[in-house]
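Order of writing sets the labels: A, B, C and D. Residues in every chain begin at 1.
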Amino acid sequence: MSAATGTALFLSDENLGNLVAEIIAAGRRLVAPARDPQAAVGGSADYRYISSAAELAFGDSLPRMSLKGFFLPQSEVLFKWHRKGADVEIEAVPTEFPPQIVLGARPCDTAALEIVDQVMDWGLRDELWFGRRNATTIFNLSCPVEDASCFCHAVDLNPDATRAADGMLTPVPGGYLVESCTEKGAALVEGHKALFESGDTGAAAERSAAAAQYRAAARAKVAADLQIDTTRIKEWVGDHFDDEFWTALGPRCNGCAACASVCPTCHCFDIVDEPEGVGHGARRRNWDTCQTGVFTLHASGHNPRADQNSRFRQRVNHKFFIYPSRFGEVLCTGCGRCSRVCPEGQDLAEVLACIDELARA
Amino acid sequence: MKELRDLTRKLLADGDAGVVIGWEEGRRGARPAFITTPDDADKLIFDARCVHNLANYLNPRKPQVKALGKPAVVVKGCDAKAVAGLLREAQLTRDRVILIGVRCGGVVQTPEMPAELTEATVATRCYGCDVREPKLVDHLVGDARPEPPVTAALDRRIAELDALSPRERWQFWTSQLAKCTRCHACRQACPLCHCERCITDKTQPQWIESSSHLRGNFAWHLTRAQHLAGRCVGCGECERACPVGIPLSLINRKLQLVVKDLFDYTVTDDPEVPAPIGAYAVDDKQEFIE
Amino acid sequence: MNIYQPHLMNVVAVIDETPDTRTLRLQFKDPEVAAAFAFKAGQFGEYSVFGAGESTFCMASSPTRPEFIEASFKLAGKVTNELRQLNVGDTMGFRGPYGNTFPLEQWEGKNVVFIAGGIGLAPVRCVIWNVLDLRDKFGDVTIIYGARSVADLVYKRELEEWAGRSDVKLVTTVDPGGETPDWKGEVGFVTPVVEKTAPSVDNAVVVLCGPPIVVKMTLPVLAKLGFADDQVYTTLENRMKCGIGKCGRCNIGPVYVCKDGPVFTAAQLKGLPAEY
Amino acid sequence: MAATDTPMKPDGFHPRITAFVCNWCTYTGADLAGTSRLQMASNVRIIRLPCTGRIDHMFIVKAFERGADGVIVSGCHPADCHYTAGNYHARRRFGVFRELMDFMGIDPQRVTFSWVSASEGAKWKDVVNETVARVAELGPFDAYHELAGDTVTGGEPAPGPFEAASGAETPDPLEELEVGR
C-alpha cells in the first residue's frame, strides 16, 4: 500500500552525495543512518546528525535505535526556573524548531511517529513533539527487511510503506528511485531539482522494474514470518488480564527495559527537577519505561505492579489492547528491535504468535 | 546433555526443586529456560551459545521467579562466582538453591552466534578463565571441553586507553556515555546488582540525576563501576544488555585489574573469601595519599 | 503553548492539619490566569516545588470558593517533603485542573453520603463544601470519617463546624487504640462504622475515598446495605507524572486515571483489573 | 582564614576547592591552622564529616557537578581513626575510585587525598596550598561543569539522541587506535 504518488525520479549515488552536501551547505540539519565512528560493537548504524555524505550507511543493518529520539529526546528541558528571593521566574523553552531533514528512515520508524501522534494530541497537544514533527521532512528508505524478527506486515505496514513519510527512496542499480508523497517532500525535491533525473528517459522503465522487484522481494521476505491477526489478539489480551500465560512469561524478563529504549513507539516518560546550582535549575522530561519497578511505585510504598509478570503484561497490553482500544491501532510497527535487543531472548513476535494461537483456540 | 536432562527430571519429579533454570533454544539462539515439569526437561540445552549468567535469577528481589519454588540453577564457572557473590553478601543461603555445574569450554559473545568458538567469536571474559569446572555446585554434569581460543582483546583495549592522556580518555568516554539512555539495563542484567532500591532510583537525596545528559550518565556509570569494584565477576552481561553498545566491560575489567594490583584480589567462587571492599589490611598501598 | 509549564502561585496560608499533613492555600500570581481559572469537584492538579518536582493532589477546596485553591498533602516523598518547607509568601507551581468530575448536577435533590478514611477526606472535602455551599439543592448530608487516631483527623475545625450544623449528620471514628480520654466519637474502623450507621439507600449517592484498603473493604458493605454500584462514587490516585494522558503510568487496564478518572463509580471499578 | 596569597593564574582564575574532612583529625588540624594564623589559600570550602569512612565517592562527583574545580579528602592517619577502621575502609575505596576517575578521564590531580592529624595545622596549610596551586595550573574544570550543558538553547534545536547535550565537539582521539572498535 505504498502511498508514494509523485512521479518517480532518479537520484544517482553520486547525486545522493551532492544532495547531502547541498542540504548541509544550506545550513539545514540532516539525519541519516550512519556509523558510530567509535562503536564498540560491530558496525551497526544509528540515525545521527551527519555532516558529510561519507557518513551515510544506507546499506547497513536496521539502525540500532529508532527515530523517536529526534522527536522525543531521551532527555529534554521542559523549562528552566530561577529563584529570586521568594519569587520564581520561569524561562520557557521554544516549541518551534528549525527545519531538519531525515534521509533513509526505515518505514517502520517513520510510521511510528504518526502512531504516537495520537497520544501526543490526546486532549492537550504536546507542542514539543509536534514542533519537531512539523519541522521535519522525512524520506524513507524502502526496506530490504532485516531478518525473521521483522513483522511489519502483521501490523498493517510493509517494507515500502510511506505512512508519515514525505517521500521514499528505493534502491535501484546506480542509485535510488525517488518518490515524494507530500508537499513537504515535493518541496525538498524541487529545491534540489538539478540532482534528480526525470522519469522519462530510456532507463526509467528499467529502473521502475528494478524497484518493483526490490519491493516485491522485501514484501515476500517479511510475509514469510509471523501470521497473526491483531484484532483477535486485542480481544484476547483484553479478556485475559489474569491469564496464567503472563505468569509463564514474566520470569525470563529481567526488567532491563532495553526493549523500550529501542522501541520506535514506546513513548512513556518521567518528569524530574534538577537544580543546576543554588537558586536555579531545569525541569526535564526523560524516557521512562513500564518495565521498571519504580515506574508505578506510590510514595506510600504501595506498588500496583509489584512483579515482572505484571510489567511485561502491561507492555503487551499497552501495545496490543489499550492503544488500539483508545486510538484504533496497535502501538507497534513490527520493527523487531525488542526481540533483537533482549539479552534474555524474550521475543515479542513469538509472544504474539502464542497469543494468536490461544485466541484462535 | 542427557545427563543434565535426566538430573532435571529427577529434581523436579522428586520435588527437590520447583524450577530448573537452564537454557533452551529460542528463536534467536540460546536463552534462559524455566523448567517446572519433568516433561519439559528435554528442552534444556548447553553449548557455547549459553552465555547468560543465570545467577541473575537468584536475586531475592525477583518475586516472579521465587513464585516458581526452590530453584535449581545451571551454572558455568563464571556464573558460580556470581552465586558466590550473592552468598557472600547474604542475598541467598546455600540450602535455598541447588547448583548444577556444567563444565565449560568458553562461550561466544552473543547467544545468536554460531556455537563455533574462534578468536573472533569467543567472549572476552573467557580469557584467563580459572573455573572451567565450577566447584561451588551440588551436581556437576557434562564432559570436559577443550580450551577456548584465547583473546586478550579487552586487556589490549584497556592498555590502549591507559596510554592516552586523561583528556583523550575523557573524550572517549564522553562520546560513549552520550549514548546512554539511562534505561539501566546494565543494572538489571547484573547478577550482583541486587539492592532493594538502587541508589539511582533514590530521590532523598538525589545523588545521581536520572536524566540521560552526560552529567547524570557520568554519575551513574562512575557509581555503578565503583559499587561493583571487587564484586564484579566479569560476566559481561551488562555490556551485552546495553541497547546502545557502551563498552562497559572495559570499565569492569579495568577495575578487576586495579583490585588485583592494589589488594592482590581476584574474584573467586569461594563465598567464604571476603570481597576486598568492605575488608582492609593495615598495610594497604597508600602512595596516592599525601 | 508548552503544556508542561506550570502557572506560578503564591502560598497565602499554611495550615497544619496533623503532625504529618498540611494544607496549602494558594493564589495565582497572574491575575489573568486567576480570572480564567475554573474547576469542578473531583478534579486534580500537578503541584510543583521548583527543584524537587511535581506531585498530584486532588483539589481540596470547593469550586464554590474560587478566590483560592487548597491542596492537602501527607508527608511521603521528595516533593511533599519540600512542600512542607514552604512558607506564606513563597512561590510554587500548578498545572491543572485535570481529570473528570463528580456529576453534582445529577445529584441535585438527592441525599449525599460521604465516607472517607485518613487523608482521603481531602478530595471529599471539596465535594462536601460544594454541596454545603449549595445546601438547598441537596437532600440529607451524612459524613462518616475515620482516621487512625484523634491526632490523625484532618480538618479538625471543619469537623467541629459540621458537627455543629443541624443540616449535617457527622460520624467520626478512630481506629481502636487511637482514641483519647475525651474522645466522643466512635471507636473502630471506618467499614464497621458505615455498617452501623447504615445510611439510607433511598435517593442517595455515596462518595467514598481513602486508602485502597478502606475502599476495598467498604465497597462490599455498601453493597450489603443495598447501594447499587452506580450509586457509589470514589476517586482513585495512581502514580502520575504528566497528569494529561501522555506519560503512560497511571493506567488501570485500559483506563487512564488522569483522563478517564480520577472519579469512578463502583460499577466502573468492578470492570477493571486490580492494578491500583 | 586569611585571604592573602591565593594562587591565581594571570587571567584571575580562582579554583573552587571542596574539602571533605573528618571531624576528629583533619577538621581539628584545619582549625589549628586557622588559630595559628597560618597563611593559606582561601579557595577551600570545608565540609566536615564524622569520618573518612563516611565520605562516599559520590561526594566527589557531586562537588564536580556543582562547580568544584578540585576536591580534597582528608582524615586521620592510619591507626588513628576515632572509629578504629573507618580510614582503612576509605583508603581501599578511594584507592579504587582514584584509578576509576583516571580511567574515565578525570585528571586525578584534581583530587587530593591526605592524612592530616589534629596537630598538623602546618601540613593542612601545605595540602591546601599545593592543591590550589595544582588545580589553578589545571584550570577550571569546565569539562565537567558543562556536561549537562545549557540545554535551553534559544532557537537552537534540541540535541539529538546521540549528541552530547552540551553540543560540544568531541573529536575522536582514537581515530588511529583500535580502542573501542
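Structure notes:
Just so we're on the same page, a contact is a pair of C-beta atoms (placed from the backbone, for glycine too) under 8 Å apart; a residue touches a chain by one contact, two chains touch by 3 or more.
Because the structure is a prediction, the values reported are computed rather than measured.
When the C-beta pairs in contact are tallied for B-C and for A-D, the bigger tally goes to A-D. Subunit B and subunit C have Cα centroids separated by 48 Å. Note on chain placement: the centre of subunit A and the centre of subunit D lie 42 Å apart, centres being C-alpha means. Mean C-alpha position of subunit A lies 31 Å from that of subunit B.
Of all residues in subunit D, those touching 2 or more other chains are 148, 151, 161-163, 165, 172, 174, 180, listed in ascending order.
Residue positions 77 of subunit C are each in touch with at least two other chains.
Under the contact definition stated at the top, the residues of subunit A that touch 2 or more other chains are 36, 38-40, 65, 74-75, 79, 93, 270, 272, 274, 284. Chain contacts in this assembly follow no simple pattern; the graph is neither a line, a ring, a star nor complete.
Listed by label, the pairs of touching chains are A-B, A-C, A-D, B-C, B-D. Those residues of subunit A whose C-beta lies close enough to touch subunit D in the complex are 29, 31, 36-40, 46-49, 65, 69-70, 73-77, 79-80, 91, 93-94, 97-98, 100, 132, 274, 276-277, 282, 284.
Here subunit A touches subunit C in the complex through residues 78-79, 81, 83, 86-88, 90, 92-93, 95, 119-120, 122-128, 238, 241-242, 267-273, 275, 281, 283, 285, 288, 290, 295-300, 302, 304-305, 310, 314, 317-318, 321-322, 325-326, going by the rule given at the top. Interface of subunit D with subunit B (complex): residues 56-58, 61-62, 65, 78-79, 85, 88-89, 91-108, 112-115, 127, 130, 143-144, 147-149, 151, 161-166, 168, 170-174, 177-180.
Of all the residues in subunit A, the ones that touch subunit B in their complex are 36, 38-42, 44, 64-65, 74-75, 148-149, 247, 250-252, 254-258, 260-262, 270, 272, 274, 284, 286-287, 289, 292, 294, 306-309, 339-341, 343-347, 349-350.
On the subunit C side of its complex with subunit A, the touching residues are 1-6, 8, 48-55, 76-77, 80, 89-93, 211-212, 237-239, 241-242, 244-249, 251-254, 259, 273, 275-276.
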